[in-house]
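Chain naming follows the written order as A, B, C and D, and within any one chain the residues start at number 1.
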């Protein structure tokens, strides 16, 4: 990593490779391109200072350059120590679209330092809007402001040693060091902030909890629950990336195999559909009888994991819960059964238990693909150590999926910025209005050659909706 | 039609045929059978007087006998002048499971008289709970009570001639005649009523409007929006009955044909999936960009109707809106294009405009299948005169679909009855609690051989749900 | 039945209804319509006398009128005592397109008398070409000629009583009566015959056996094994008509059900695809490991019947073999399991054994749908008494399927007629040349809106085929 | 490359990595494992010297070790200069299962030298059976023998300079040098040869031409046309590897895209099914009307390439013909359309024309993925330079596919070896008997959990087949 003209990135020489991939990705991100066309000429974000804390990838680069072309001034860090694509970071830095503070393989100390840098604009200014993913940037601001007050009141500073996790220790170390340097930084920042748009479930969950306590000092937009975000991230994204990950990791033929999909929520629905499309026989496990019945109606067999442990070939967790496939389960599987997770978190699969199974032998077949051999000689093939296999073994969501997600982000940023003085948004958490959700969809139809029908006034009146939408109520199931 | 031991039905001789079909249907209605097992021994509806106003079909017969086996005393009429299956009515009458007041092909005068009879239990009593479909029984009670008060106050009675529609004229004629006979009938009835469970969109819509004005005098449960009701009625029911209707009406091979599905809501989704399953090339028209994008992700072509008018073979409306396929459209279709509606109502297709096209020739190929020949010689095949083709040309929803719907009804009836004195339900419109929705699903899984997984306490806590459910929040999209 | 202007049909009054259906069917039979266009103006069959012995249905009516428009003089009978559609017969008779000798529900005596009449053109002439289905017309001619010689040699006539089956008794009774009347009829007929085109497996099998013994006195074209005939009759036809038959017979929802398809040949492949398309979980039984492996690659579970007897909901035989589902099997099925056959013949299912099961109770639910209740109380639903369920419970193959089959017939008739003096065809059994098979396909593409690519000369040379085809060798698998 | 204990391979250090992958692959190659079990104990190939000329990959390693475990002595070279996987070669060499003469990236001189070495066993002996892929080993033997005779007769040796291709120049250079060293080598070799089993279309084509001229001096088995080989290599293999190749090369989301599959033979059928499974809208181009009609029946749109040039997103050639997608076509495509070939050979796409388009700009995005930008600014993404994209951009066929192919090879080798003195095989080209084809299928069913039904004697007689098969005639279409 190096300091390059005010950025902190790994290698500016990768910028050209990054630029090539950005240009390819742009064609697959029509929503963002459409935003540039619609809002670029008016420079709608002129004057906005945006801090983004979101995986610094090629797709994010297209988001950054979209916000930049709309007039914003940007500083960017990643929200995960491993997720930066260095060629993407380099390309953005070189183009000057944003100042970038990210590289692949940061340590936790670096991570929080870089977040801090992304939040500090020149002239002792903070951002005026936030793009957050997981809520770390938001947390630094809120905790910063809290400790500023404590520091002001009783000169006390946070003590990193008192915090449990490495993560927290490092966050508070940064605050401890910097609050005395500028003891009103975070409170000035909050005063300037038009709001935050948050990308993920986890971050949104945090925001709702803060708001519930009445401690949210600026408006927040929950991008995560836009239909065009959640369906793409979950159903369509995973339908694409599950087979991709299995292919790259194992080269195994899926046709004819028995595949168990644990969970039939949105992710499970996408995964099951993909596996059926590959010619697999698909089994589903579910706890929710409604989702289970949906699986039946799709012609899928709903079973308990135990019922197919010994005969299935591939096991995929998608539940968002924990302890789904345990080491005891894997001990009973057939030889070279493949096990992977595409759900929320790595605790769906008991990787730890597997590693600690008595006399287990682990062989790395290739990066992110390990074979664990049990004492009886049979083995299981574990993908990505139980972490998200589509990220670990493939390249995550394709650009078109991210275009949906990031167009929601862009519209949320515009919404926050243009309403900074209108009073439309209180200090609460809002979902993006359905008309903007529909707009995101609309912006992606043209590149697919889809023609949308237009309601007549008479028809719109008949079903009690505006001609231009929104067309559905909030709890419509799609 | 005849009076038979207190019932008014068409032909008691059809009872045996009806009984055979009821027995077959029972096997396909596991939810209702499970209710009999669970709630029969305790006679949970003992003491309840139920009036049902809901299509008197074989499937409804299984509902009626379920409520009867739970202890209720029942009187039943149909909610549509054409929808009674006379052999079903006869079987119920003969078994004495309910008193039945219905036959196929009533006129509107008979219709309201029969509704009136179904609402009048012996000893001048009304029902204690209502099963309603479309809201006609509810309306008779509410209008009755309203006019009772007017009659009491100023001896005025409704004047049928002042109402616009035939329907209204006949309703008010009954009220006019009967109010003087028993001028407190409807108000006593309301006092006794634990509530109504309503089956359809239309009926639910009416109830919300009444409740909004504060005029609802008893609780109402909206069965229509239970997930297990709406998905089955819309997605799965139509996936079954669209090809069934086309097969029976036309014997046409769907494989290789171009089929246009107008609308990609739940009904459209089921229809499109069915047509793809038959080997058709499927086009979708949509006004909602989110639904349109979902169609794209399914590999379907989203077009405007005008773009494929001349080349498509089959056109199906599913929109719930009006004026979707106009006579002008049909004038441009290829010869013997098939046109049908499986959406809300018969105004999706301009049947009237077609009939009145200058020099059009109409030939009835067989009942519910007409060919309209335009002056230029080309013709279109119209199914069921633009009314619901799955009812007109096939037999509507299969028993398994109705089992989901009617198990919701049964649980709603139990909920209303057992809470008649608990104060749980105010005079408002409620959706069935999600745990009951999940219960309906649960009751249908066993007969499909599905095994449900059970959450551990630890897992349930991790995702913040009770072990036994409900598992999702209200706006979950399924 | 009645004699009407030289025809023997049931009711001439049904002619108008038949005509309407014929007109509808014509649009779905583009291959035949194209033949009319191409060969009608030259009257290519002028002078030909055609006898057809083939189910007298609406689709056959379109074939008959095609041959008629090509210049032929026709007489027609049915090849099955139940298969005539009386309104089709009437329409043809009324239009004078052919003389018709057929009605629904002939007895076997009538059957052979009618066949005889169809073979006798005015002026003591026989046909000059035959369209045969099953080989009965061919057999009458060959047996007639054989017995003429015996009669000539030793005045002996066949003795019906000596034959085993009712069928044979009636055939020989006709010959016994008529040979003395005209003792050279059949030999003159054979001399005039340019050949026969045979529709089915059974008939083709007979022809190969006769030819093998050197006893075939005229050329025969095996239409049955044209790819465009066999794929449509088997894969695509059954994919359409299996669900159609199940829908009409039982109204049962197929989604979520477990369906066992016995046999994964062409018929089984079509059936399995249809059931998957309906949302069923499909099991396949197979004896041939290659077909079984194909089923696996489609994601289907290959099992022995015994393994799923107790859990499956629907059982369909497609094997072309016998004793597939025995009464012992049915005794173990779950209550109201549905059993039907769409394979070759009614001995795939042990209907006889079922009827004779001790203390079995049979209830006819409706025509072609029976419930057999075993002494333990569980029952099975038997479709069409184990005969072809798509014919018994639905309307058989749709017009588009028959168009492929009958365009092969038409081209075969033209081929035989135009080569009657060229020596191209010896007294052997020929498959239709592949270029004609390809032509049949070509004639059906236009109505589906398909655009065919044309090889350049250079490309054709590169793969060693003529520009205009045929493109594949005989054992190409398609 | 290096000489290592008599092998010529690249790097023996890769042996352990190769061994790990071989062990994984074995589990996916049940047919070969079953052969080891069945034929290993009897050492059925004891005494056989096998030369293999076939891509030296991990899957081939499993074949080699199978033949080795059956008792054979083996020498192996690759049949393509790029296709060797060096870790596979190293693992085989290290294990001593065969002597290996192959590395990735040979030049043509090396290629023919290595083939020569693989054909020369110790003690001046040649092989007793050949495994060939493309016919190069066979050609070296036949040309060697031919020139030996010429050399014997008139002392003349081949003159490499007189041959046109680099390939031929190098082959004849080897012969020129070695014939004088041992002027009866190839004729002794031929005398010892029990035959050759040939893997591919090209090699089989050559063999038929040689046999036609009566110049084949030993029997040959055409493994290529076994159903279990051709269906797996074409339909199922490509269904797997087309999406795999597109995913790895471009990360593009296939759902919603318009994909054109040029050709609907076996490869095209597999490709189209895969793309439909991914959620694409699929267009097919075809020249053969029967295949085109099959596409229609699958619900696919059959078009000319020109009709969709401007709107489609992905173009894949599968025709086996040449000049399918020309530079002129690509000049009209939309920006970043993806173009690739999975058909026979790289002349399906006019890569040369594209490279030479005036003012075209080529950018390599990453290996095997190039973007060609036309002067107007739009570009196309070319996969694998128009060569097989599943090999270039992914890893070719998965092990399960190759297991089918190589089990055919193993059975063919056993058949040739055990019949070397029985006279069963003349010097002609034979397809593998259908019972062996069925056996290959049978050996793959168990690992998929499939249960095969067994015919009773009575049933077998009824359909005129042996109980144990084969069950179908030669031209059965599967």
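Brief remarks follow.
Just so it is clear, contacts are C-beta pairs under 8 Å (C-beta built on N, C-alpha and C of every residue); 3 or more make two chains touch, one makes a residue touch a chain.
For each chain, UniProt lists the protein as follows: A, B, C, D = Adenosylhomocysteinase.
All figures in this text were calculated on a predicted structure; none of them were measured in a lab.
Simply put, of B-D and A-D, more C-beta pairs touch at A-D.
Each chain gets a centre from the mean of its Cα atoms; for chain A (Adenosylhomocysteinase) and chain B (Adenosylhomocysteinase), those two points are 42 Å apart.
Averaging Cα coordinates per chain places chain B (Adenosylhomocysteinase) and chain D (Adenosylhomocysteinase) 60 Å apart. Between the Cα centres of chain A (Adenosylhomocysteinase) and chain D (Adenosylhomocysteinase) there is a gap of 42 Å.
For chain B (Adenosylhomocysteinase), the set of residues that touch two or more other chains comprises 236, 255-256, 276, 279, 293, 296-297, 301, 448-449. Chain contacts in this assembly form a complete graph, since each chain touches every other chain.
Note for the complex: chain C (Adenosylhomocysteinase) touches chain D (Adenosylhomocysteinase) at residues 227-228, 230-231, 235-236, 266, 285-297, 301-305, 307, 320-323, 437-439, 441-442, 444-445, 448-456, 458-459, 462-463, 469, 471-472, 474-475, 477-478. Chain A (Adenosylhomocysteinase) meets chain C (Adenosylhomocysteinase) in the complex at residues 255-256, 276, 279-282, 293, 296-301. If you check the complex, the residues on chain B (Adenosylhomocysteinase) that touch chain C (Adenosylhomocysteinase) are 20-21, 24, 27-28, 236, 239-240, 243-244, 247-248, 250-258, 274, 276-279, 311, 335-336, 363, 365, 371, 381, 394-395, 398-401, 448-449.
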